[in-house]
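What follows is a single structure, written as structure tokens, with notes after it.
Going in written order, the chains are labelled A, B, C and D, and every chain counts its residues from 1.
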């Protein structure tokens, strides 16, 4: 059965308007300071039309392209997690009252976000964080209250970035659920249009208000072909065969010394990673000591404080910390959440200041094995 | 409580006074601090001078003369908690650049009667002479961090001062990495956080004003900078600035000194 | 937990008594404000995150009798800033509390078995609720061994209780100190040496161990010699904890979250990680 | 006490587990049954170490006089354990005082007699060395753990 719709590119903004009408705060890719980031927008015209990005280990450059495409670039330095799992957030305030105190949790209004331009790998990252922040026993309130309101417009990838390897991680380049609407952008002799696939009731309903037609089979196939070509042009690949076994059996490998000599322990990889979820809390007081607050902020297993306890540190060496990150991401994550912690978005490769490449690291580790 | 306010004293050694000024610069907050503590000694701000002992001694500047050595020991003795502030106090400061040269040559050139000059041959951090309870980094320090440290010590809690890299600050702030996106050489990955990532926020590479971060891999960064086209001399200069004499930066600059 | 409340937000708990157990270890008797006539219920081995106003939180195991529902107690070693702040509190003061979190000791599954409890230092605190539970249904267990080591005789926790417990039939309480003075007539040496004074029927024994990781490692060697099957051995792990509920990532030990999957683990789940560095 | 009784008692002590009959007999020829009451000293630091003891019941504490710190008990030895190895290693002097903290029943062995037998029967000597090495290794392990001050923090 064919539910695919054809949305002409000049009607893309109607989608934006419908979402705004439904009181969503629109977040979409825009150009800021020489890179594409996800920020609040008002219209489709703010999208980085005609721009693409070139990503390699430790380099990211924007390039003008004369195709007028809305989505011919890959993932941004920042992932959607910053909206669902804010980098810094106040958990509660406390007022001292004599020998007792009163705790007030935050009741700031939480916006309903519409994420526009979510890539398939990023959809999978959100799915992974859904599992992380609802671990069966406990649910993270901060995440949940934001997540449950989100409307997702996914965009299938019609070009592969230099550091992409979603095919290896089975997370792209085509979205397989987890979205409200998925778009595939097509520019050819027939024009500039999107194949739009509703993925939820919310999505179907929204599309009803938007001028579009049922997509013809040939148009659907054109879109399919673009995505398939993308799959064949992945910038990188990661061999996931027996990956858990490889990592668990390599805890004492000399390889870790090698990577530790290159790793800066700067934490960039974890902060750009769309699935990394570690956080810490900070308690603060005003100078009188009568008002206190607790804040939560992103943390990273690369910081020294991460595994510090009174009287010692469980992971003092950079070798131990890199091993924790890689082993967690690719192996123990599977035990914890039934899925790899890596979606192949390539951010950790692009944004590592010295270009440490997770796909190469796995190869090196295999060679040592 | 009014008469039991903790006594705070601020002292200065070889430095530009910039760090002390950060405290004065914190106008609104300073009033709250002044209300909560008894400023017993702070020549930059007040003529009042109360005798020690002090609950908190705040020290700026590096130790450069034999007289300084005696004085800092005296200050340590008078201060229950000793907090040192700024790159001069924590690493010897910019004046530690002289540590690579012959001090006699300098004094002969600069002073008409060098025989009156009594100086140590190096500019040294405070911790080389006395035990220090807390080191606040920066050239200059961040005034909010100083307020946080004083606040934390007054409330007997842990100061929320992180020793991770400047990169973490950039990321928390939402900056795009200028090294990756613009190819700008940046010391952020090996530099102690605290400034709020000022330079990268303005598309400038980090100068390392806050000194080495908790586990700096300076040689890996240098290697990368070299591959990006920096010369060995550039790299030596990059590490040999405000925190030149901080151990890891010192070693790295020495490695690139030809 | 007091239900339907954000597990990241503490509830107030009022201090009813402070007992100094040793020079640097004290017990807080707390009355948590559960609201709506709820009782605070926990399993032996679980912990709470205790919040000192404005200072921060510390994960502390519950050391009281699980059948006493109005008050709970925490025995705390004064070490860091938070525990130091907690140590300054008095009767009538309030702290914040989140919990109970984590897994408990296999008190139910150990029924019909010999139970060998091995504790080092403050490690006796999370095992005390086990002893209370066993004493309440004494007949359901076979022999009980409690092997307990501390740095010096002055560092022994719950001395009066230890003496009491030792008076029950078929409860063997063996205590040792790392060093003693001439007034100490008890054992001197590490806790593992106490094994040479008992006869364990390995196969019928459930062992519960809590103490520093190194002590647990050596204890495991002893238990192995007695043929206690690994799945009948339980240990309690320590890691840095911030959230207590498996969300912040800090306490990971291999694939396990110590706060949520532990702190009490059956040995087979963690044994392969114990001899690895920096896991 | 008859040799036969002593042999039976001896065989209940873990120290002689799996010892051949011949070696057992060699040991028995040097054994005496002893008792010490609480508060007495079995030996003192610096004295000639010419014996070792297999403790059957009670408890002995090894003490060091630590000047102004007073007496520190560093190890206790109880049932099933071995007291004393200095008889085997030159210069054959005790390093500690051995104070009885709980009435002791023990078997004691004449060290000089055994040393001679070890010299003449190297198989027996090796057997003794193996067993005492174990005692030493356990002591060393325990001492290291005590040094770590593992319960401290």
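Operating definition for what follows: contacts are C-beta pairs under 8 Å (C-beta built on N, C-alpha and C of every residue); 3 or more make two chains touch, one makes a residue touch a chain.
Bear in mind the structure is a predicted one, so any value in this text is a computation, not a measurement.
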Contact-richer chain pair [A-B vs C-D]: A-B
Label of the chain whose CA centroid is most distant from the centroid of chain A: D
Centroid spacing, where centroids are CA-atom means, of chain C and chain D in whole angstrom: 36
Chain A-chain D separation of Cα centroids, rounded to whole Å: 67
Centre-of-Cα separation between chain C and chain A, whole angstrom: 40
Interface hub residues of chain A, defined as touching at least two other chains: 283-285, 289, 310-311
Of all residues in chain B, the ones touching two or more other chains: 155, 157-158
Contacts with two or more other chains, residues of chain C listed in rising order: 54-56, 79
Chain B-touching residues of chain A, taken from the complex the two chains share: 32-35, 37, 58-61, 77-78, 82, 87-88, 261-268, 271-272, 282-289, 297-298, 300, 302-305, 318, 350-351, 353-355
Contact footprint of chain B on chain C as seen in their complex: 54-56, 81, 84-85
Sites on chain B touched by chain C in the complex: 155-158
Contacting residues of chain D [partner chain C, same complex]: 14, 59, 61-63, 70-76, 78-81, 99, 101-102, 138, 141-142, 145-146, 148-153
Touching residues (chain side chain B, partner chain A) in the complex: 29, 32-33, 35-36, 147-148, 150-152, 154-155, 157-158, 160, 162-165, 167-168, 171-172, 174, 176-177, 179-183, 186, 188-190, 203, 213-217, 219-221, 223-224
